[in-house]
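Consider the two complexes below, in which chain A is the common component and chain B and chain C are the respective partners.
== the complex of A and B ==
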């Protein structure tokens, strides 16, 4: 089973990527921007999937790493005028380091306690973004991050260049994440999700696996945060708040946890739904709520797992 | 079992992706055609993009801005300079990233000629680089962050509202001389809006010889003012308060409950007793002296007409947000009329907006300084009960107040922004 599933997934990924590659030149720039947004958030949703779907650790503070990496890019580029690679590597490094430190605290607990602690950590970081004014600019955030293609010195500019650059990053991340979940390490994570006690008795160091899973997820979230900072050109505390984390949670659960492809679809669907519907009606939140409820009732395992039969 | 499951899932999900894509392309194709058609005929409607929070905690304030803007356009019958006006409204949810995405939609997809709106300073800051890089004029009716027309200004932002410190410069002097206050404690929401207002007040009040003896800052999410009220020194001449929305209502109530209302006079930023909260207040608000560039109780003919029209159209008292929306609507119409509807050239449009001087504004005469911020009247108001209704009665007018007050703009801009 483990051997086949990624095979199927890769066909679907190839298909989606083909669409993301072919469509943009035909679309107006606003739609290209939305696609870019979907791709960046897809990386983030997939990174949470490693934690939530594969390891079974429900994190309500995952947006924190995304936000911290985005803040790192903003501070480095706007306040210190750092060059592109310093910003990118700095963002990823700071986000990953943070997850490595916080992972030490949270990897001891499971289930609802994990949920509570990650929620608390997320709120603390949000508070820091809000109150550590000399560095974060407080409520107003930091604006004026140079566009990615200008900062990186790419020969091409505009929304298309940004889109394709993001797509490359996405492909690399998706490939790496697929490697992680297919590896023996990934299988162990799934084992922990199913029955941690049994994995322990088989001799696995489950704490270390959970910890590494947390760090890996944090690292990919940081990559997504770096791209998000460049895409929007500013950062603000709303990147770190509970709403961001819970929306991310919804992307994964709506799309289908422990599939990687599901969260990608979830991210795309939510970005599309929010932006298309709000253009037509002021009651779009109501519609979004109904969509969530219907999805949870009709596809409790997420869209991508919709046709999966109950396992024998 | 497995292979069968495989094919089935693949089929379903492929269809899902494909149909999603074809819908996207269909929408995109329609949009492309629409853009081409609109591009071909230069005399289509004038498209105005409007951003404001219509959901979430700030929805009512956002709605007030929109209502004011709509009222101004309705007065023209959605026609100006010989062309039809089309208003495109987007909900920015008071989240900066959402505001930016919606701005992109309005500019790049809907091809609006210019934009107006935004409520929060954070959204205002987030939009600024985009507005600047796209060279699209945008009117800020309410966003009050000082630096947007000071140290971080863009020529493409036309602010018809105010800066948070603007009313407080004259108010500091008024408090010292007219109210004869010497020591004051301040209590304000802990974010840029609070810091800038209190900073402006403190600057002129202390320059005259007064003293701020205690500064208290409450988080935006404050639910109980007891610990803060307990630490207000009882020997001050007045308390300066800055709140809005729910926090204003609660602060006023608790200020009275703690017996402070009868002991220490209350003054503050105009939002604390603005008409967006005043109708929900009771006697606890009576006597509070606050400062703003608008009051629904202004007795000039333009405001009497506006307030009556607003009440009958929306069954609410106009707040300063409503006036902000209305003034920016009048501003847009004045610019369009000056150009006789030829708004296609953005540089020309921007120039017309900066030079616009719409007549008969409810808040009195307004003109823009060279930094893109209004020079306007500042009103000191006292809460009174007239015919059973609370209102902000104007007790003093400071005419033509600039964001720099009496200071030299160049010197002013060399100093840092007000913070805690």
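== the complex of A and C ==
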């Protein structure tokens, strides 16, 4: 922890600024769209990292909150014609509320049990999205969500405006999450990850900390879901399914858990890979499967942690 | 009303029979290796597809079953020995790896067999329905229930009455102590994983004439199997049996009574069990 290399961090920041801030006006809109995707999914991946990396709770159902928030935006804007702020706050609120309810069920469970239970919960929500047709539109999903910049009444329109708006949201979220993980609360989470028994005997309410971590992660996932609904203009049950949750899981583990930078890199890498590969081949799943296996074999600690000495 | 109840109960038992074939391997793999096997549904899927190829050539459900079990068990064995064993101490890495395999298998199946859905043929003897009073129930479904019950008895006998079973139970209880007493845990793990894969494949063949094979069948059944294992307790065969019956019944009655919320009805018993006993009905912490 103490031996951070400041050099590496500043190089990474410079690269990120160049790519996300300077480059977009020079790029074709397809690539701007990809960058926007990366930024939105980076928020999501970081939110999972609070759970997975910092608290040590491996959630395989985290895409559920992202998906539910996206659905909330879709239902509110398309079915009820709600205005921008109702949609945004409604999406975040519903996603967060869901995590607050589900958190009650899962917060006393640990390790592999946590993994299985979140997986089952995620699948149940996917089933609901799939079958509860009057509300979710079933397999067809819901389309026709107005673009963010139109719905919000921004003076600028088009992919560039959306990209910079997303970037602002991303910076706010990343800043908040950085505050969370560096706060005494975040340190306690890490303590629970390393040795829950010891934290308990020191007098910490570990259940409450795990619960709050789950809710905080759910809240940021909801923000990401709201942005995604506006970016994509369309929601479908595939946002909720196991493939989505595990892709998310891969972003975090590939990038490097318990660093906030790692999941950003992971999100970028997966989005890039997915779009570039699916342009060339229909065998995208096959390749993704191989990426999983190779990533675990070659960099079990994640890319961002590769140059650090493995900690015991 | 009574007829409806009996028919639905039999249908529930049919689902339970399939679930038991899938979940018993999942729960044993978990008990011995702490593997959360995302690819377990893929074993089921591969079972259906392999059997499909064999049955098309030979018209024999028996031969299809045997080949499917052998092929998929071999796949499972190689997967465990070559890949999963390296990460024996790390359940997360193992889970990610099985996720990778699940995607790989799905796409490979799509590549080899195409995306058209199909159902398996089965012997003419088993066609038609049993009629007892007003209750009409297909022979084939009854056959599957009986076969699964026989498999259950066989598994129970192996687990409780043989040396391998004793080693297995010891390893589920405490892998380190088991290995200290001279049990070859690595070999046992490979065996259990392969057997679980074979059982899931057999489940696929048994379910094939009714549910069929299609893209996505792997992830359709996986959550049900996980709910079974969570309710029953991870690592417990008895738990898998009880869990299968509970989930089979609830899923079936849920689908019949409130079809839109059918997935959701599974949720309630899981939460109930988790709240009262986080390790499941028969699981140990």
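Note that the second predicted complex is superposed on the first by the 281 of 312 C-alpha atoms of A that agree within 3 Å, B and C clash if a C-alpha of one lies under 4 Å from a C-alpha of the other, contacts with A are read in each partner's own complex, and residues count from 1 in each chain.
The criterion applied here is as follows: a contact is a pair of C-beta atoms (placed from the backbone, for glycine too) under 8 Å apart; a residue touches a chain by one contact, two chains touch by 3 or more.
What you see is a predicted model; the values in this text were computed from it and never measured.
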Fit-or-clash call for chain B and chain C when the two complexes are aligned on chain A: clash
First (chain B), second (chain C), both or neither touched by A:133: both
Which superposed partner A:301 touches (first chain B, second chain C, both, neither): neither
First, second, both or neither for A:10, with chain B first and chain C second: neither
Touched partner set for A:285, first chain B, second chain C, both or neither: both
First (chain B), second (chain C), both or neither touched by A:141: first
Which superposed partner A:31 touches (first chain B, second chain C, both, neither): first
Clashing chain B stretch [against chain C; choices 75-83, 183-191 or 219-227]: 219-227
Chain C-contacting residues of chain A that also contact chain B: 130-131, 133, 243, 284-285
Residue ranges of chain A in contact with chain B within the complex: 1, 4, 8, 11-12, 15-16, 19, 23, 26-31, 33-34, 37, 130-131, 133, 138-141, 143-144, 232-234, 236, 238-239, 243, 261, 265, 268, 272, 275-276, 278-279, 282, 284-285, 303-304, 306-309, 312
Of chain C, residues touching chain A in the complex: 30, 34, 36, 38, 83, 86-87, 90-93, 95-97, 99-108, 110-111, 219, 222-223, 226-227, 229-230, 234, 259-264, 266-267, 270-271, 274-275, 278-279
Touch list for chain B against partner chain A, complex: 1-3, 5-6, 8-10, 12-14, 16-17, 20-21, 24-25, 27-28, 31-32, 35, 54-55, 90-91, 95-97, 100-102, 104-105, 107-109, 121-122, 125-126, 128-130, 145, 190-192, 419-420
Parts of chain A lying in touch with chain C, wherever the complex brings them together: 58, 60, 105, 108-109, 111-113, 115-117, 119-121, 123-124, 126-128, 130-134, 241-243, 246, 249-250, 253, 283-286, 288-293, 295-297, 300
